[in-house]
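Per-chain numbering from 1; labels A, B and C assigned in written order.
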Amino acid sequence: MTMKVVGQRVKRYDGMAHVTGETRFVDDVIVPGTLTVKALRSPVSKGTIKTMDTSSAEAMPGVAGVITAEDVPCNAYGLVPDQPVIADETVRFKGEVVAAVAAVDEDTALEALEKINLEIEEEECVLDPLEAMKPDAPKVRPEGNVFMYDERPFRQIILGDIEAGFKDADVVVENEYVHPSLEHAQLELQTSLAVPAASGKLTIYTVSQALYFHLGQLCGILQMEPDQIQCKSWAPKTGSSWRHNAGFSDVNYIGGTVGGGFGSKNDIHADHVTALLALKTGQPCKWRWTREEDLLYSTFRGAWFITIKDGVKKDGRIVARQMKSIRDAGGYSSLNPYVVDKHSFVATGPYFVPNVQIHGYCVYTNKPPASSMRGFGVTPSVFATELQMDKIAQELGMDPWEVRFINAYRTGDQTPTRRVLNSVALVEVMQKLAEKAGVDLPDKLKNMNSKERGWT
Amino acid sequence: MKKRGIGIGASLYPTGMSGGGDSSQAQVKVQPDGTVVLTTGACDIGEGCKTVLAQMAAEVLGINYEQVKVINDNTDNCPLSFGTFASRVTYVDGKATVDAAEKARDILFEVAGQMLEANPGDMEAVDGKISVKGSPDRSLPIGEVAGAATFGMRKLVVGLGHYMREPSAPDPETGEIDPFCTLAWAAVLAEVEVDTETGEVDLLRLVCSYDVGTAINPLLTEGQIEGGGAMSIGAALSEELYPNYPSLEQAPTNLGDYAIPTTMDIPDIEAVIHECPSTNGPFGAKGIGEMTANTPAPAIINAIHDAVGVWIMTLPATPERVLRALDEKGGA
Amino acid sequence: MHSLELTVNGRSYQTTVTLKTTLLEVLRDKLFITSPKVGCNSGDCGTCSVLIDDKLVRSCITNALSTQGKEITTVEGLSKPGHLHPLQEAFHEKYGAQCGFCTPGMILAAKALLDENPKPSRKDVREALSGNLCRCAGYGKIVDSVMAAAEQMGQAKN
């Protein structure tokens, strides 16, 4: 069947709006009477809140409302719901929100933050995941500093017989790789505008990459079905118009046009705070993070420490891979356990390895929570694996192209998670790369394809 | 002295959420005049899902891309999408969109079948018309069919589509799991020039070869390849959130200090698209968004090694790191 | 409070500002012209770029009072209904805009370049846009767009 529209280089659907300046991002939505939100953040990486007195801030002219942990009906959210919207007693990273203010303008909001009497008793923190894994390390989380996958402190992937694989190998190539923390640096800042209606319905303009995923979390935070969500505190202690048993239809979540995401907007950063303040003050509340806040306190790609030990045959075949990867997750789970999973599932890269043992660790430290960033955990595994391939080539005195062609997945190969592959195209993709780049491959490689191994 | 080197890297990338369970829905409504409104919960974060989903709906209904309007802006009206991440939208929301468009088309076939006295199973939707397959003279403009459905037969021409891969959890012992919808493949070549005096790395060339299954819109695919490439170049050469890791000191507080690439840091990226269709994706598509940010960085580091013989095992390859490595090695 | 008079996209406005109000705040918060974006508020990203008397500036670090009596152009001022500026056409055609957040600033930076140098090389374009960050597009198609617009405008002149 010939296709007429699919496969065509049609112009971007919203391109016209982009070039005329008509595209409306959250920050461009103007609602009369909108209050400005600012947050008070923890000055220390770890500590216990001893005093939190917001009364003088609240008494200031121009201040419409102040919220603290006490105002959050269900103060735990995330895929693993372990992150408070506003820190309650314990702070786990520098920059964690401990209170938020809504005021008539930015200057007033900032002045109000200064009037909040906050005393935090600083405690010893741990920033290095390798330190955090030690038994006597300061505790980031009460459950322990290492995320438990079932019974294990790591995700395990096992295929074949790793010992036999190493026995079969002619050489062992072992290296350590470090992938640093990276920031998404999407150009649209974390921004949220919440507009309450007298009917109780809340409209939230969001930068979310995942409307329904966040809507579910938001409904969890704002209260609801206490028997279904484990929560510490329910009814707010301050006078606000909480509606219980609200659900998805009580919030209209408006978004879908995002000024760059790259994974930075897979976690709720601002919508919960604006929602709570809008409900408390009865007025529209907008919070746009500063670039400094976005860089320092929003989610990011956590650092990775990766050790790869490969058993290799003289002919270039990798016959065993043992890999240990440690992810610096920061203070809360956010999407980190999933990131480590994804990393581990494809940890041999695009290569067939018959004997595999992968251990992926997700380790908490007193940093802001890391989370998803374009490529999840695959990015660091590609980095490590691809340097490793060149190191193997060097060790064997082989061409880097050849090592990759020899080990490239073929149709019908089994992955470390025991999937049998179809729609495999690495060999062809490499051949096309060589052609485009003007590299003349040896005939042996030119004649290979993804359907068959081409060697035994 | 300036030395040049070439490096390569390869990778695969899974489409969709690892372990499945990430569902998406779509609604395709054919208006009484034959134009179409697609409603989806997928967010457009720049990747262009409104464009590719509209293309898919248009293809199924045999109409022009311009005749499809997309609504994706609120949860009161839009059906569920799990979100724009995990390189999932083209595939997962694409399948939901195709499903919805096919169901809307089925209604049109039924109506047109009555009008043309033909079996609905024998109809096709091409070039803005609903026709009996093989007899182009027995056809009706889609608008006429939709109008007759609405006013004559009191039918609402709406298709509701859905797709979700069955959720699966890893086996605790072996990690066995069916973690992806499909896999896409990549290979990248980088050429660099390293200044052995300053440690500066100049990226001269980046050639990217990607299998994306069927490229629903090659223009947008190239956009992903170039944009992800730029991000990976930043990761390779300049970006670091905690320069004093694990200490928080000297963390950047502005975009001057956190140096993402500018126009001056990125060469014109050369892209080649390979199309090895996925077995189950919409029109054979695969996800491409994230994988583009993975492979250039190691290719660049391998090119640095090819140029001056040092391995930069900790990203990024800043001039200081390159110089230190050269020092340890005793010169280039 | 001080009174400020300025012209934006051919229309004159009068408003009041303080000594520290920025041009970006005037445009966005007082005049509701929202194409200049807040990407950093510190002069590092270029999303707030506008033209003052045809010169490219970052409005987030431009004191509003310094624009007294000046003519400001934002991307809204480049097009008329049904008629786009060649740069806008080209950014749409060549896929120079992905998420669109950097696009208004990018187009104005390109306009400032083409006003000065109607026949730029790719390198000229890269230099002229080097203060405008884009995290989505990798710049190649942005440069393509500017080159195409330059060509188009050159042809229109002949």
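What we mean here is this: a contact is a pair of C-beta atoms (placed from the backbone, for glycine too) under 8 Å apart; a residue touches a chain by one contact, two chains touch by 3 or more.
Just so it is clear, the model here is predicted, and its values are computed rather than measured.
Q: What's the contact topology between the chains, one of line, ring, star, complete, other?
A: Graph shape here is complete: every pair of chains touches.
Q: Measuring between Cα centroids, what's the chain most distant from subunit A?
A: C
Q: Using mean CA coordinates as chain centres, what's the gap between subunit A and subunit C in Å?
A: Whole-Å distance between the two chain centres: 33.
Q: Rounded to the nearest whole Å, what is the centre-to-centre distance of subunit B and subunit C, using the mean of the C-alpha atoms as each centre?
A: About 29 Å, centre to centre.
Q: Indicate the whole-number Å distance between the mean C-alpha point of subunit A and the mean C-alpha point of subunit B.
A: So the centroids are 18 Å from each other.
Q: Mark out which residues of subunit A touch at least two other chains, giving numbers and ranges.
A: Only 11-12, 14, 185, 258-262, 291 qualify.
Q: Touching at least two other chains at once: which residues of subunit B meet that condition?
A: If we look for residues of subunit B contacting two or more partner chains, we find 44-46, 48, 219-220, 228, 231, 254-255, 260.
Q: Provide the list of subunit C residues touching at least two other chains, using ranges where the numbers run on.
A: Subunit C, residues with two or more chain partners: 39-40, 42, 44-45, 95, 98-101, 133, 135-136.
Q: Within the complex, which stretch of subunit B touches subunit A?
A: For this pair, the touching residues of subunit B are 7-14, 18-19, 41-46, 48, 50-51, 54-56, 58-59, 62, 64-65, 70, 72-76, 78, 80-86, 126-127, 170, 172-180, 182-183, 185-189, 205, 207-211, 213-220, 228, 231, 234-235, 239-242, 245-248, 251-255, 258, 260, 270, 272, 274, 276-279, 283, 286, 289-291, 293-295, 297-299, 301-302, 305, 311, 313-316.
Q: Where on subunit A does subunit B make contact in their complex?
A: By the definition above, subunit A touches subunit B via 3-14, 45, 94, 127-129, 131, 149-152, 155-159, 175-183, 185, 208-213, 215, 248-249, 251-263, 265-266, 291-292, 295-296, 300-301, 303, 328, 338, 341-342, 344-346, 349-350, 358, 365, 367, 372, 374-376, 378-379, 382-383, 385-387, 389-391, 400-401, 404, 408-409, 416-419, 421-426, 428-430, 432-437, 439, 450.
Q: Per the contact definition, I'd like the list of subunit A residues that touch subunit C in the complex.
A: Touch residues, subunit A against subunit C: 11-12, 14-21, 23-25, 27-28, 30, 184-189, 258-262, 288, 290-291.
Q: Spell out the part of subunit C that touches subunit A in their complex, as residue ranges.
A: 28, 32, 34-35, 37-42, 44-45, 47, 74-76, 78-79, 84, 87-89, 91-93, 95-104, 107, 133-136
Q: Over in the complex, which subunit C residues touch subunit B? Could you list them?
A: Result: residues 39-40, 42, 44-45, 95, 98-101, 122, 125-127, 129-133, 135-143 of subunit C touch subunit B.
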